Structure formats: structure tokens, C-alpha cells
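Next come two complexes built around subunit A: one with subunit B, the other with subunit C.
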Partner chain A sequence: MPQAKLSQKIKQPVGAYLKSITVAGFRGIGPEARLDLHPAPGVVVVAGRNGSGKSTFSEAVEVALTRRSYRWEAKKGASDWRAGWRNLHVDDPCQIRIELAEEGIGTTTVAADLGTATKEPRDGVFWAQRPGKPRDRSADPLGWAKPLELYRPLLSYDELGGILESRPSELYEKLSTILGLARIAAAQERLDELVKSLTAPRREARALVTKARDALAASADPRAVEASKLLSARSPDIEVLARLATGAFEPPSGDMAILRELAALAVPTVEQSRDAITRCETAQHTLAELSSDATQALVNRTGLLKHAVAHVEAAGTQKCPLCGVGTLDAAWVASARREISELDQRAESLRNARRAYEESIRRLASMLPPSPRALGAEMDEDVEGRAKVAEAWQAANSIDAASPEGPRFLLAAIESLVPLVVELKTAADAERLRREDLWTPLARQVAAVATALEKADEADRQAVTARATQSWLKDHANELRNERLRPIADEAREIWAALRQESNVDLGEIELEGAKTRRRVTVTASVDGKEAGALTVMSQGELHALALALFLPRATMDASPFRFVLIDDPVQAMDPAKVDGLARVLDRIGQTRQVVVLTHDDRLPEAVRRLGIKARILYVNRSEGSRVEVTSGSDPTQRYLEDAFAVAQDRRADDVVRRRAIPVLCRMAVESACKDLFMARWYARGERRAVVEAKWQDAQTAQQRIALALRDDADGDLDRWLAERPARRRALAVVGRASHEGLQRDPRGAIRDVEDLVRDVRAGAR
Partner chain B sequence: MMSDAVRLLEAADRVLSGSVELPRGRRARIAAVLARSALEDIVVETCAAHGIDVAEATMRVRLATLVAVSDPRAGELAMAWWNLSRACHQHAYEMAPHPDEVAYWVATVRDLAGDFALIRGPA
Partner chain C sequence: MPTQDDADDIVLRIMTVAEESGALTDDSQELLWQVLTGEW
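And then the complex of A and B:
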């Protein structure tokens, strides 16, 4: 179920197949020549001798699609080639048209116009056109530049050779881009950078702490001392530091607090003092006035009168007991009472005056508060005038305001204290501001340190994760890479297994190793079971096969938008057995991809025919004036017979030519048919090539070769088989005796008999 | 017989020059077939001139015979035959011959035919 979902997600890109290649005036092709290809999966072999113009077709595809050529760039001394890219016979027009069938889009044309003014192909006019759209001359109209580089569906002999001869890191690069391995390297790089950047805050914070501690050490400010103490801790309390810097926190004791208190000192003004003293004196005066009468006598007289009144009221009118003269009666009582009331009033006033006096003295004494703590507290650095104020304050405090001269003394003390206090207040405030000015930059520094420490802590927390990721990736990068490489490596080994045939080199692991400048691809191999580095033990042909094995999987990856591979001359350095293997590999790839193989000899077409592989074979021929023609290759037997018919039909050919040429062509037709049948069967049995070839060469006559095809034995008896149909014997005469002595009968009839014979041999051999 | 060889060589020239209607890709091979037939005629007649009957022998034997009797041009005849044979045959490993190549061998055979006429001439 998850599998199904996954495959739905991975959408295959729209695929492009080659439909035709049309070239004029370029390289080996003069007048316009066209190579038509069937735009669908399958194998097409394009065969042509060296110089036939076949490679021109592949170069044309490369130039039109990539706008460059591996050959120009790979070879330093390619100036000859550069000069010779234009055809010598016909150079106008010089153009390339590639038709591609794009799935879901239609036929797209990719073209290069290399007018006579063009110096090098890359300077030509390149364009692409999708159906119903205008020609697009932009740099990458189809978005294929990257995929072409990634998947490289164009492989030439030169390039295959170059792949394994280039520096190890280059091969690594080629494989790693395709596998998307660059992403792993990029991730590693990013992590390295991240880890590096995450260590920076801590380093910065340390530097700031050192600098701040130096600055703080030079300051006597208690806050600086406190900050210094905090910073010496292994992990400083950042919150306290921050509060210290912003002033939200101050050390409980210290000069700053004292200075602030001093600046806020309060003393009564001289006027207030004077008022208080005046009030005091008034009260004293009033009291003195009232108490000038004999105060006690007044009290005693009132008491006596009250007793007497009480006595008269109790005992009634009588003679005065004291003087014995007067009479104490009701009138006396009334007058006594009047006097008592008067006396009481006077006593009351006196009491009030005393109270008022006492109150004014108390007020006067309390006008100056006791000497404040700030005046006596210890300071790291004293402020000027503090001691004098303290002394004056103490002196004022010690005066007894209630003493007769008290208020006057007090006034004098306050009068001398007030200006001193005012002076001290100003001095203290100035000192506080001075110290504040010194602290501000330090506070800023402490604040910066606090911020830096906070950042460093955060970075440290992140670095833990980053480092863990970094080391994990470091440990597993190659594992990841090789996991991605595995499908390609497996397929490469499979292809190698098909290609190696009789090679004693066994391909082992293909792995990506190392990193940065030491990155490389290691290919291990074993020769007859012994381990060895693959690249050192392989022959040129084997190296080519290996390069092909590595790069066919790349070119045919699902993610590639190209559904074709164009391989130019892969068999050049291969021995025949490898060619058979290659044919099988191409056959397999041809199930899902369009495989176009260009080859300069007939080994691959021959192998394709012999192995019964379904492939189209096209022949490229170049004749005078760089006229290049592409002909469809039917099987050679059929071609010989067609040639024989062509000769028979030529009205101008004379009889001798007919008699002599036709039987030879017929004989070659029969031999070719017999050879294919014989060899296919013997190879299928696993016979060795040398044995099969020798057996074929030993058979000399046409009959012996037919016997090999039908009976596996050159001397096999064919009499009964020949007798079954008269045409068989007639045809045997044409390809036997007549091929030496000349044809004595009607040419067309003879060719038809031979056609029948071929058909019968093919039917009989199955 | 000699006239056959000459006519075959003329036919080969015509094929190569394109005056016979044949697909261009086939011309070289058919010309090679014609030229080789002409050469085989020359070999048989040269053998006969040396008094050797080679009617039943294979071409390989005939060419070996000529070398054996020290015919001055036996070597060239043999080389021309092998090359033309290669051009005729759809050999494994070999593509259709190039017309220029076949034209060269046709000229060689004509040259050899001329020599043969000189040898026979006075006799």
C-alpha cells in the first residue's frame, strides 16, 4: 500500500524520443541527409563504415541539443576538427534539425542553423519549437540543459574512454550529481557552517566578559564590584547582571545610597526657626505676666474661701471663726462665691499659659530632627563637608531649648547649620551624578555582556543538536551515498555480467569514497577470484565495457526526460564475445527505451541477427560529393536476392553480366541464410566461437553449407530433401555450378528458385 | 573468354558510375561481384596458358598454382581476389565496401587483364 502511494507520488517526467535527424552541410554530410528513427522503445542499429557520415548524425544531435561537442572540448588539439566542421563539398545550407516525439506534446524540433558566417558551431543560431508554439531562440528553450548534463543520453566512443581515464574526482562528480548526492555534501557544508556559527556567540561572550571585568576592576562603584563578582562565576547569573545594568537592582549598602540620602537632607529654614522661637518667647512672656501674682497664695485663698462657704452652708450664719468680728451670712457667701469664681478663672489662665509655653518649647526642640544616619555612615569615598555638618548637627541637637537661653542658642546653631547642609546637599548630588556618569558606560557594558551571555547560552543549546547531526551525517554520508548508488551499481554489475562474457575479470563493489579533494569512485574487481583494482587489470575493451556498464544505467534513469540513448561506436575495442553481450544488454534496455547505436562495422548487426534480437538495422552510405544515404537493412540474404533481381532487370546490362553476376549473388544469398541458421543454433548450444567459425569455413560448397544449416553436418545427406521439390535442385544448380560457369537459364526464374530454396532451408532448419 | 572478362569489368564500371539503376548503397558490392568474376576468368585462362587445367579446383588452389609456377603477377592477382571477395561478402566484422575501394580493384583487374593480353599476344 505505501509502495503504491510512493509510485503515484514519483511522477515520471515527460519523455522524449528521437524521431528524425536531418543534417546538411555539416561534417561528413553534404547535401541534406535524413535519418528516420521510430520514436518508440526498441533498438536501432545504424551501421556505416568509417567516414560514411554516421557519426555526423550523432555529432549533429549533440551539437543541436547541447550546443557543444565533447570532441572539441576533450581534445586540446582539436583545432583541425574545428576548422573541418563544415562539409567540404556542400557548405550551404549548413543546418541540423532534430525531431523529437515528446509524450503528451507532439513533435518538437530542435535546430541549429550554422550559416556561412558562423565561425564555430557554438556561434550558430539555435532554436527549438514545440507544436503550435513559435520558435524559441532562448538559451534553454526546453529546459533540457541540466538533464542533458545529468543523464547524458549521448555516449560516444571518445567519451566512454574518457570517463575512466579522467581524474577519480571527476567520475565521482559525474555519478554524484546524477544521484543527487550533492545535496548530502551541501547538507554537510551547511552543518559545518552552522556549528561554526554557533560557537561564535560563546567566543564573543567570553571576549566581552574579559573586557568588562577589566573595566569593572578599575571602578570603585559597588555595582561594578557586584558585577565583577557575578562575572567571576562559572556561569554568571545573567538576570541579576541585567537588573544591575538597568538599575533595577542595587547593592543594599554603599556610597550611592548614602549620597542619595545626603542629597535629600531636610533642615528647618532660618525663618521657620525664628518663628518658632518668637512663639516660644511670647508664651514665656504671657506665663511670666500671669505668674507675677503670688500664685500659691491665690490657690490657698481660694481653698480657704471654699471651706468657709461649705462651712456656712452647713452650719448657717455665724461669726467669723478667724477674726471673730465679721459675720458669715448669706451675703458673705454670695460675695465669697464671686471671689472664688474669679480666683478659679485666674488659676485657669495661668495653667493655660504654662501649657502653651511648654508646647512651644517642645515644638522648638523638635524642629531639628536627630542627626541622620547618612551623616555618620561609613563611606568608601567621603563627600566634602559631611563631617562638619555632622558636628554642627550634633551641636544643635545637644542644646536644651527649655533652658532660659535655649531658644536663642538653638536659633544660632540652626542659623549656622542651614547653609552647611545646603552646601552638603549640593555636593552630595554632584558626587552622585559624577559616579553615575562613571557607571553608565560600565552599565552598558554589563548589559551587553548579559545579552551576549544569553545568546551564547542559546547558541550552546542549539550547537548540541547541530553537532549531533553533524557527526551523524559525517558517519553516515558514505553509507547514504552508496545506498543511492546501489541501484546503479547493481545494474552496472548486471550489464558487466552480460558484457564480460569470456573476460576473467569479475566486477565487485562499486562505491563512492572519501570526501572533498579525496573523493573517488572505487571499483573493485577480482581476476580469477583474486581481488584487484578494476581499473588496473582491465583491458581497453573491458574499460569501455565498464564505462558503458556504469553510464547506461545513468542515461536510462527513470527521472530522465529522455527516453532515448544514443551510443556512438561502443564496440570499437570490444572482442566478439563482448559484442554479443552488448547486443543482449541493448535488447534489454530496448524494452523500455529507444536505443540508437551507431557502429562502424557489422559485428553488432551480425550479433543482433544471430542472437535473434528484434532490432532495426539501418545502413549509412556515403558516396561522392558527401552524398549520404540511409537505407533500411533488411536481412542480408534478402538484400543479395534484391541485388540479383536488380541486375536481372537492368535492360542495359548485357547477357554476360547477367549470367555471371546473378548466380554469384544468389549463392551469397543462400550462404548468408545458411550461416545465420547454423551459427544461431550452435551458439545457442553454447559452442565456442572459434569452433563455430572453423566449422563454417571448412564447408566449401553451397551444398555443404546447406547441409550444415539443415543437418549440422557438412556431409549430411540432402538427396531426399532435394528430391522433395524440383525447385530445390534447380536452385542448387544456380548457386553451385552456375556460380562458376555462368547461368544458362532465364535469370528471374533462377532467382525465384533460389528464393524458394532459402525459404525451404529456413523452414527445414527450424 | 577474355571478352567475358572485359565485358564484366565494363559492367562493373557502369555500376560504379551509377549509370545502372541500382540503390546507391548496393553498387559497390555488385561491382565487386562482377570484377571478381572477371578476375576468376583471368586466373583460369592464365593457368591454361601455363598448360594447367584447374577446372575442378577451388580458387584458392588456382591462385596457389599460379604462385607455384612463378607467374610474375600471381601475387597481385591473389591480393585482388581476396580483396574483391571481401567486398562481395557480407562478412562478419565488415561493412559494405566503399565505392572508391572497389573502383581501385576494378582498375587493378583491368590492368592485370591487359598484362595477360600482352603475355598471350606474341604466342
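And then the complex of A and C:
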């Protein structure tokens, strides 16, 4: 299995915290106003009345980061919102500056300049600048466009409602993409496509077969008949079809073979026939001359002489026994021998002439072969003149060339046959070509069908595999998706458990269901143990709590480059019990994330104070001319000191407990102040969270932590700084030794010394 | 952003489930791999 790609990694995103939000001339803020935030994990509650301008800070972050506004785009009557984005009192400058502390990078500024010519915020000039880099005005200078969509760290009241009101597929899509589940969807789409594409070759082949069969049916060509027969089979023999189309195979009873044979018929030319007959006649004449009666007498005489010579040679010289006059002696024998030799030569000539004659007759007779098979074979469609040629050929074949008039008759027969054969050959060839012309397009069609059937067979084989894979993935996709979703769903349920408080709605399964147009996130719930769809049984406040429960796990995923969440007015529709739950949830998330919550009512700040949650509270006020100011309400340091004073003044408290508790609270106040200063500075410099946390944890004593806040070094020298004011050493003793051994001095004086120490540390750390 | 690792983690998980199910032939598993990794 190819696994090489597994080792390919893409760069993990760095984390970013909000450091400050500065706004001028935008929405509810006129002259420039700045909201400073500690760029570190922790909770900040920004409280302010409706219209105080607090939401403007949140909207400014959204516009600067996303270049859009959910509220303006989603809200009914959005045109009013769009028209009112510029501040009524101050419209120039109209600008937003967001400072972000990026881990490993430092302080990055994201900005929007919305000059007076800007019609809508999205038409403004947007830029981002990282430390030591020029301003970048490109479309996505920080590479955050996609993460903002996936992990959106911003949540307004309108958006809170929108999470569950949007299209069912939207939340599915976002969760699915975050979880890397897009791969499954993409794989399913690819398989659907593949299966679809693999059915096409069979469909195309079927169409071609139908078309070809129609065309073949109109042809009488035996090849067409054969092809048609093959194509009517359930699984046509593709190989035979292909051979039929290329001409490598022909039906055995085909006319085409006969036509080809007829076109290739061979007969002697008239000239060749005449030559042969002339040769024949010459031989015949020669033979006739040699075969005269005198010649026969000579042959007889030769025999007689040979006997006489033999007689004389046996009996010796004597009188001629025939005439009785002459003497047959040696001289006569010599003369007789000479005559015999001459007569033998003449007899040999005669034999040769006979052989020559016989040969010429044989050759004449063989000039015309027996009538070819093609002349008599049965044809589906006969060719004109074939019968006449067959007849003439038979007639010529039947002439006895050796008969006296044979050659002459034969010549006449051949002379009349030759033109008939020539005519037949031409006709046969023309007919063959005519039939080929008709067959060629059909042959092409048959060849195309054979190719298509071959492809279809191959596609069918592949489709079996593809369908099995498609079906398996379909059956397991949702199971696999929900396996990935489970941690998020569990966290959402945990958040819901904290938020639900007095709600009688129990949250059940949160699952990804369906596919394609029916994909959705289903949330089941039970009311007093009875199963129901969550969305139908929940009140508005409960729905908001549920939306928040789904939003937070997504916005705080490890893979998100945002180490902050900015939530505007989450408590509007919540009952008091849920506000307590929210405060606890925010506190938990604040352990690892910067949580900025904007709220218009007192319930959240009140819950934070009451539950002793370590959160910073800021107040936003707007005065005449859209002048917006941010003041610090209280911070954990201040609250620890207030608590210490409260313990000191509590007359009912046991003195031993008081002397133990006060130094501990004082130490917590000092550490809280030091930690804020140290972390804000280090995060703003771009240090990584793990480094910052480790550095803080390594510093054990109060003095080491003060040294970190003042010197960035736990072992930094504080002697001179402590010597500058005696109260500093006294305070160090309170938060150091006394926090372990108990306070041995006036409690209120000790707390005031610590208060001074905190103030001096804060002043010195700047 | 889900990292390449996350995505590959999913591919590996699916391939493991597929292999353990024993329901797919080698060819089907190969095809599954190809469509999951985008090779096909």
C-alpha cells in the first residue's frame, strides 16, 4: 500500500492572542478608543450598557480579520446596519487596528482603513504587518481566511442564534471539514463518479450493438448475416466479430470467395492456343511424311537384311537363297551393314516425330484446365455470364485434341471461350468490389462494436470492485465520521452539562447524519428521560447554550491558529442559573485560551465575582460625541487584596486563621500581578506558550516571580530595587516567609505594604 | 486547518477498519486507498 504521502506534513499554525483593539470613527466609537487585553490565557469580561460601544470592539475585530460582518449580512433590515457603520460624530479617521501576539513571531497588526471615500467596510483598505516585515495588503496576508471559516473564534449574539438556525448542512460542513472528514466525502464522490463512469461503456456498447444490428439486418452479405447472428448472443464472441470485421475470417459459404476465384480465372490466350496448335500440326505433318508406305518397306528391308547378315555370319559365304544368283559374301555383309545403319537412322527419326506429335497433342489438351469449381459452385447471388462460361468450358474440355480435327476444334472452342471468360472475370470483380463497398461501413461498425464490447467487459470487471468499495464506504462513512466527532461531541455535552444548570433537558447524541443534500448534524435530547429532538424541546436560552456548547469545542481546537475566543453577549437569553454555568465554562476554557466576553448586563461580572473566578473585568462607557472609555473594573489581584482587607476587618474570624489567610491572599495578589505582567510581555514578544508556562512554573518563590515580572529572569538581582523603599522588603516578607509561617505584624499595615509592592511592580515592569 | 497528518490519520483509520472487516478484496482496498488519498 502506498504510504509515502503520510510523511508529508504541512506547517502547524502558530497561536495568536488578542493584545489590543483600537477603533476610531467606526460604529459606536467616535474618537480613537483602545481596549487593551492581556495576550495570554485567561478570562476577560468586558461589560457595558447597551450602546456603550463595547460591541463595536467585537465588530471591529470581525471586520478587520474577516473583512465581513455576520450581523450586517444575516440580519433583516441589514441595509440600516450597512448605512450606519460610520460613526455619526467622528467620521475621519475611520480605522481599526488589532494587535495580536503571535507565538514565535511577536506582535502583528491587522488593520482596516475606512477612509471617507469608502462606501462599505469591505471596500476599505485592509492590511496586516508582522514584526520586521512590510505591510501586506494581499487578500489573505496571514493565511487565516480558511481557519477563520473553520474555527471562527468570533461569536456574536446574532451568530449564536444562527448556529442552529442556519441550513442543516452548514454546521455539518464546518464540523466535517475541521475533522478532516472532507476526505471521506471526496472519496465517496470519486467512487460515485467512478461507478457512474464504469457503467457508461456497457451503455455505449449496447447502443452500438442495436445500431449495428439494424444496419446488418438490411444487408444480405453473409458476413453481415454472421455478424448479426453473433451480436444476437447474450455474450457475443468478440474475437470472431473482430476477425469478421478485419476480413481475417469469412463465413465458409460465402459468395465472396467464389467471386474472387472467378475474377482470377485463367485461360490461354488465342495466340497461345494458335501457337500450340501450329506446333501440333507441324509435328503431325512431320510424322505423316515419315510414316509413308516406302518408309515401312525400308523398315521391312532392314529386318530382312539383318536376318541375312546374321545368316551369312553364321553360315558363311553362299549364294543368295532368294534369288540364287548373287553371292552373299563378306563384301555383301559390309554393304548390307551400311544399308542397315542408314535404315535404323530413318526409323529413329520416325519414332522421334511420333513422340513430338504425341507431346504436342498432350500439351494442347492440357492448355485448358478442367472447368474450375467456381463455375459450378452454388452462389447466393449469381453473377451474369457464369453459366455460359461453364458450358463453353465444358464443351472445350470434351474435345479430343488427338483426333484428326481435334486441334482445330479445340482452337475454335478456346477462341469462343476466351472473350466469355474475360467478360465474366470483369463482372465478378465488379460484383466483388460492389459488395466490398457495401460491407466496408458495416465492417467498421462491427469493429467498433467489438472494441466497445471489449471495453464494456473490462469496465464491468472494474465496476464489481468499485461497487463493492462504494457500498462498503457508504455503510461505514457515518460510523467513521461520528468516531471522529466524538471528542467534540463529548466536550459539547460537558459544556452543556455545565450550562444546563436547572434545565430538565439532557443532551444525548450529537451526530453527523445523511449525505449529500441530506447531510446534517443531529442533536438528540431527552426531557425528563423522554427522547426528543433537541431543537424542538429547547427554550431560546437553552438553544443559545447548546449553540455555545457546539461553538466552543470547534473554536478551541488545537489545530486552530487562534488562541482566543471573542464572544459578544452570550447571556442575553440565559436564566441566572445558566449564567453561573457559563462563568464556570469560560473559566475552564480560560485555562488554555484567551476568552474575551462582552456583556451588556451585570449578571456575568456578578457571577464571576461571586464564584471567585479569576477573571479580569473591564467597563466600557460612552459619553457625549461617541467618546468611549475603557476602565478596569477589577482584576484578580485587586480582588485578592480586597479579600485580604475583608479578612483583616472580620472581627468574627479566628486570629490564627486570619494570620494564616492574609499572607496567602497577599501572595496570590502579588503572583497574579506578576504573572499578568510577565506573560503579557512574553506573549507580545511572540514566545511560545509552552516556553512561557515552563518559565513561570520554574520560578518557585515570590521573589523569583517578582524578578520575572521586572527582569524577565527569575534569578535577576532585586537588591537595589528592594532597597529603594523599605515597604518593598516588608511586603516581600509578608508574601514570602509569613505565607508559610503566619503573619506576625499588623495585618492592615502588611496588606498596604503589599498593595504598594504590587503598584511598584506594575510601574517598574512597564 | 486540519493538517495533512489529521487527514492521513483518517485514511489510515479507514484502511484499518476496512482491512479488519475482511469485507473488501485486495483490489477494493487498493481502490479505497486511491480514492481516499486522491490518487484516483
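What we mean here is this: the second predicted complex is superposed on the first by the 562 of 766 C-alpha atoms of A that agree within 3 Å, B and C clash if a C-alpha of one lies under 4 Å from a C-alpha of the other, contacts with A are read in each partner's own complex, and residues count from 1 in each chain.
We take it that a contact is a pair of C-beta atoms (placed from the backbone, for glycine too) under 8 Å apart; a residue touches a chain by one contact, two chains touch by 3 or more.
For clarity, every value in this text was computed on a predicted model and none was experimentally measured.
Peer 1: Classify the contacts of A:T465 with the two partner chains as first (subunit B alone), second (subunit C alone), both, or neither.
Peer 2: Only subunit C; A:T465 stays clear of subunit B.
Peer 1: Contacts for A:R588 in the overlay, against subunit B (first) and subunit C (second): which applies, first, second, both or neither?
Peer 2: A:R588: touches no partner chain.
Peer 1: After superposition on the shared chain, which partner residues are touched by A:R639: those of subunit B (first), subunit C (second), both, or neither?
Peer 2: first
Peer 1: Please indicate which partner A:R519 is in contact with in the superposed arrangement: first for subunit B, second for subunit C, both, or neither.
Peer 2: Neither partner.
Peer 1: Taking the superposition on A as described, I'd like to know which of subunit B and subunit C A:R183 touches: first, second, both or neither.
Peer 2: Touch partner of A:R183: subunit C, not subunit B.
Peer 1: Have a look at where A:K174 lands relative to subunit B and subunit C in the superposition and call it first, second, both or neither.
Peer 2: A:K174 contacts neither subunit B nor subunit C.
Peer 1: Can A:G48 be said to touch subunit B (first), subunit C (second), both, or neither?
Peer 2: Touch status of A:G48: first partner only.
Peer 1: Please write out, lowest number first, the residues of subunit A touched by both subunit B and subunit C across the two complexes.
Peer 2: none
Peer 1: Show which residues of subunit C lie in contact with subunit A when the two form their complex.
Peer 2: For this pair, the touching residues of subunit C are 1-15, 17-18, 21, 23-25, 27-33, 35-40.
Peer 1: In their shared complex, at which residues does subunit A touch subunit C?
Peer 2: Listed in rising order, the residues are 1-2, 5-6, 8-10, 12-13, 146-147, 150, 177-181, 183-184, 186-187, 190-191, 194, 465-466, 468-469, 472-473, 476, 480, 483-484, 559.
Peer 1: Mind pulling up the subunit A residues that touch subunit B in the complex?
Peer 2: 47-49, 51-52, 600-603, 606, 619, 621, 623-624, 627, 629, 631, 636, 639-640, 642-643, 646-647, 650, 652-654, 656-657, 660-661, 664-665, 668, 672, 700, 740
Peer 1: Along subunit B, where are the residues that touch subunit A in the complex?
Peer 2: So the residues of subunit B in touch with subunit A come to 4, 7-8, 11, 14, 19-26, 29-30, 33-34, 36-37, 40, 58, 88-96, 98-99.
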